[in-house]
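Accompanying notes for the structure given below.
In order of appearance the chains are A, B, C and D, and numbering begins at 1 in each one.
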Amino acid sequence: MCSPCHKVAGLVLLLAIAGCEREEREFQSPPPQSGDAGAAVLSTLSPGSSAPQATPSPTGRKYNQNAYHISEGKRWFRWFNCNGCHANGGGGSGPALMDEKWIYGGSIEHIAATIRQGRPNGMPSFDGKIPEQQIWQLAAYVRSMSGNAPKPARPSRNDALNPGPAEQQRDPLPTVGGAAQGPR
Amino acid sequence: MRTGSRLSAAILALFLAGCTGLPAGLDPAGPAAEMITGLFWWFTAICTAVWALVVLGLGASLLRARPADDGASPLDRGSARRISATRVVTALVGATALVLVALTISAFITGRGLAQLRGEQVRTIEITGHQWWWEVRYSDGGPAETLATANEIHVPVGEAVRLSLRSNDVIHSFWIPRIGGKQDLVPGQVNHLDFTIDKPGIYRGQCAEFCGFQHAHMGLVLVAHPRDEFERWFSSQLKPAQAPRGAEARAGQQAFLSRSCVMCHTVRGTPAGGKIAPDLTHIASRSGVAANTLPMTRGALAAWIADPQAVKPGAHMPRTELDSDELNSILAYLEQLK
Amino acid sequence: MPDRPDLDLSHLPTAGFGSRSAITWGTYGFILLEATGFALAIGAYFYLQSRSSEWPLGVIPPDLEPGTILTLAMLASLVPNHFIKAFARNHRVQAVRLGLVLMSVVGVALLVIRALEFAVLNVRWDTNAYGSIIWLLLALHTLHLLTDVADTIVLTALIFTRHGHKKRRLGDVEDNGVYWDFVVWSWLPIYAVIYWVPRW
Amino acid sequence: MSSSDEGLRDTGLDSVRLHDWLSRTWDHKRGLVGWFSTVDHKVIGRRYIITALFFLALGGLAAAIMRLQLARPENTIVGPDLYNQLFSMHGTTMMFLFAVPVMEAFAIYLVPLMVGTRAIAFPRLNAFSYYVFLMGGLMMWIAFAFNTGAEAGWFSYVPLAGPEFSPGKRTDFWAQMITFTEVAALSVAVVVIVTVFKQRAPGMTLNRIPLFVWSELVTSFVVLFAMPAVMMASTMLILDRLVGTHFFNPAEGGDALLWQHLFWFFGHPEVYIIFLPATGMVSAILPAFTRCPVFGYTAIVLSLIATGFLAFGLWVHHMFVAGLPQLGSSFFTASSMVIAIPSGIQIFCWIATLWLGSPVYRTPLLFVLGFIVIFVLGGLTGVMAAAVPIDAQIHDSYFIVAHFHYVLVGGAVFPLVGAIYYWYPKATGRMMSERLGRWHFALAFITFNAAFFPMHILGLAGMPRRVYTYPAEAGWSAMNLVVSLASLAFAFSFVLLAWNMMRSLRHGTPAGPNPWTAGTLEWATPSPPPPYNFARIPVIDNVEPLWRGNGSPAGEVSGLRVDARELLVTTLTEAMPDLREPSPADSIWPLLAAVAVGATFFGSIFTPWAVIWGLGPVAVTLIGWFWPKGAPEDE
């Protein structure tokens, strides 16, 4: 067969796989594997670009691609009152989450670590309070707020008053500051 | 009308022989459900009769003796009998119309009767549908008398009750077959359902409008008490949660307040004030857990807390990473929340 | 081998105008279903209005100028449209050609005004339900406008070729004119709903 | 314009040369391009029917898995996620990809034959509609295979189907599949209407139109008025999900019930879109097997029209418990009762036909008899559901599941299966096995009732719809097991049908033009019909034209061209010959246009800009479609 056909077939396959990854409804995460979350857990507590590079983990990738996980994250964000400090991602007493600046790293592993461990100046630690899967879902959602998730997986508007365009409508912003980019 | 209803009730009862009595939808527990059931039997009687007549007529037309084929063109066949057929068909259509008018009128009469059942002195209970549980609030008596519970509605017998139904997320539908019809809970509006219960008892129901993954496990229980028993229940529910007794329960309370539980649940009288999951102040007094998916036993509660996703896949209660000591102590604590 | 009574139809014409032609009935069919679509969208508008205490929801009504100019221009275009249909029936090919060129230009001009209309709705589609429904109404009509303008332009090109003299092509011109009438008349209620209902 | 001398006419041609000429003119070319270019309504209709039956099999498979899951309480064969997709796919497939298309497919195949014309009106639009339908259906099932199946039910109520509660693209695929099938259905509706209005054989006045054609005509009008509602609704849904509009968001002035109003304004007529053609099939089968014209032709036609009108006055009875004002509900109770009258008239007329005629118990008639028994029961439970107080109890319970399966399977699928047995010889030239057909009927009739009657009682016992499991304590287990076993056996009855259809294709007895000695025009031409349908267009003077003394129509037409595709166009009411219009030649452009439209729809699942990008290809393919190519038909 001609090579364009191969390319088309390859593209279709990729789309299909992306579709599967995006649409899975995984209610129960398998027990965390060693090394998955570990790399990011040990990130530094101080801001700046000296943060250690998080290795893109399969876990991070999985949550980052999956529409259900991200939408669950959006739910926890509201239910756990993250808005109290990060009003709709726009920031308040906590930093804004929908811009490109990441004090403690913008990869999903970094964000998960930030939620898990807390950060100085007000971000509490939720370790033990928010189960691991929910932390990853929250982190995936937080990334999607700046457009850093596949567009079809990003949440659309809620059935509520909407302060601005939904995550799906935002243009992806590069992650600046903190550690280097996590997996897209 | 009455005889017909009885007859068809008897026929249907035959169908159900072997089952445990009448299906819930035909076993009324209050005047509203009684009127609906009466109308149901009346319609069933008429419709059964109509169906039987049609099938008999069909059979008769197939079996009737026919003259030998006279070889005439099919176009002329039966032309001699067409006039009488026209008369019969016209009469049948007329009869159909009359039957339909009768049925329509009886439906209206029942509808009006249901509307008149509404008493003036009603107790209002607010029901809010959540994916996948029912929030129940009693707020008639002002702030001091406001009570929140979940998945279990208690009402006094013989008192008119009005449910005001809302939804917090998607459309649900409130349905307890034995108290009468159902009513949807639609986001953005408040619907009402009125009923009175005659007999004390426990009546089961579940969400009737498809609402997502755990639509099948969104059960609710209605408990009808005699008046004084209800008052006792109500005042005991108004109290804040008991302080834990014993070391294990105290440890359980600590675990409850320091682990995930506190993020979503309220236990009045403790710092736990989460508003997004059922109020657990008196959870041990309820008859079921997980929206009546499991009975309220220590084992079932343990199974539910240890792995909610195994009981109700997709439910919003996550699996928490509790070790067995924590789990046991939390169970001990919750069991004291009578 | 006719062994049965024979009905000789060799004298019948091969094209007809108006309700004689099958194509016209097809056009009517599509007009009917599209009109239903418009009616339902307008129904949805009034339904949403009835469910809200204020209307338009916290925004000012659209500016009147572009929409009104467009409405007047569309009504005016009915005149040449009428003449084009008559020319087509009378087989006046040159007149049809000129008329179609005119209608193509008018159509493009109308599309430009339509673009301005979107700019002065004073609400975004994602602001609230009021914004959503008026954007839907306007977009729905724009789709029809765009379709018919494109159709007119293609037909104009076609009528300048050797096919222009064929009676069937002139029938197409007539059907296109009928469809244009629909695009204009269906606009009037939508215009009233978008621009005047919020001002009541 | 009087007679023109262009072209070769059929006048005076002997039958062999006539056949040669007409075949050359009307047959499609061999080869792949020819296969995709054909606009022959019989080829398209056959493809439509086979495709719809294929989707029936898929939808049935989904149902079988659901019944396996429900066979026992707390079963874990499938979880809630897959179960929700399965029942959504089942309902969506059966309604949008099977029932409506198959009823239209029969119209596409049969209406031109029954009205005595050579081709369907707008044959390219007809071919286009098939490809759009095919792409929509395949798209949805391929998406399902990739875990992106519809999950919010065939009704996709918001907010559950809305952006917040249905993340990802599952519901977008559903909503866009609606657009595909509606474009197809609306196109077919226009095609059928114009065929019936303008292409009837001379003499086929309004009161000589076969009842099946009447039913498809009324259905097509119902489609024209009903389908735009669901397209509007699905468009709003996809806009809410994709670009953040607020049609269904109560917090921003939207309304969740707007969806239900729009959906049921379509959804209730939808039932009649499926049911009316089925009644037409009954009215076509009965005369052939009673040797007697249908009793009460005029009454049946008026009933069809009345049903078509009343179908639009019932939608609120799907919303009796949604919290609407009481007064409105009363009106809809009354209108829901009234629609029983036209259905009753039809039933009585059919029974009268059986009484007047001499029944011949062949398989098609057996299915019609089964239809009457089952459908009347379903209709009567419908009357019960029309009463608001009763509906409040049975709404969204298994009682309703039982009711609409009695109406839709009993009322539409049984006649449809009868119609397959009846017209199969016409389409293939061979008879289906009668012995197997009787077994099929017996199995289907018994297992259908065994599967669906107990559901009434399950509903009364409190079992709601759309639950993926139920507790053992509920006491529903035994009856659910019976239902599951019976429904698997019912599914097996369709295997018998498929086997019979496939086997008879080779081994069936040759049928000849009119194996049932039926009276309508499709039986006046060989089986299977030649590409040009009729060597000479018949002239008729009767509603059963082949039942005149010698078994052939009253006369025939001459003077039509044989070297170019030419149709006889007649007047609307009297069917007087009026024009000789050309009929478009085969063309690949409808397929290309369908691909362009399909790509646009598919793209707009992911980005609204796809609509803009798609304009170009769609415009190009449409110009290619309509631009004259110099064929004689274009002149």
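The rule is short, and it goes like this: a residue touches a chain if its C-beta (ideal position, glycine included) is under 8 Å from a C-beta of that chain, and two chains touch if they have at least 3 such contacts.
Please read all numbers here as calculations on a predicted model, not as lab measurements.
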Between C-D and B-D, the pair joined by more C-beta contacts: B-D
Rounded Å distance between subunit B and subunit D, as computed from the means of their C-alpha atoms: 36
Subunit C and subunit D: spacing of chain centres that average the CA atoms, whole Å: 30
Subunit A and subunit D, separation of their C-alpha mean positions in angstrom: 46
Intercentroid distance (Cα basis), subunit C paired with subunit B, Å: 52
Residues of subunit D whose C-beta touches two or more other chains: 81, 159, 164-165, 240, 243-244, 246, 249-252, 255
Per-residue overlap in subunit C, given as positions that touch at least 2 other chains: 126
Residues of subunit B engaged with two or more neighbouring chains: 169, 187, 213, 313-314
Touch-based graph of the chains, sorted into line, ring, star, complete or other: other
Chain-chain contacts as defined at top: A-B, A-C, A-D, B-D, C-D
Subunit D contact footprint on subunit C (complex, rising order): 1-2, 4-16, 19-22, 25-26, 29-30, 32-34, 36-37, 40-41, 44, 47-48, 51-52, 57, 125-133, 135-136, 150, 154, 158, 163, 166, 168-169
Residues on subunit D engaged by subunit A in the complex (per definition of touch): 81, 143, 146-148, 159, 162-165, 167-170, 240-244, 246, 248-252, 606-607
Residues on subunit A engaged by subunit D in the complex (per definition of touch): 16, 19-20, 22-25, 27, 67-68, 70-71, 151-153, 155-162, 165-166, 168-169
List of subunit A residues in touch with subunit C within their complex: 157, 162, 165, 169
Footprint of subunit A on subunit C - complex, ascending: 126
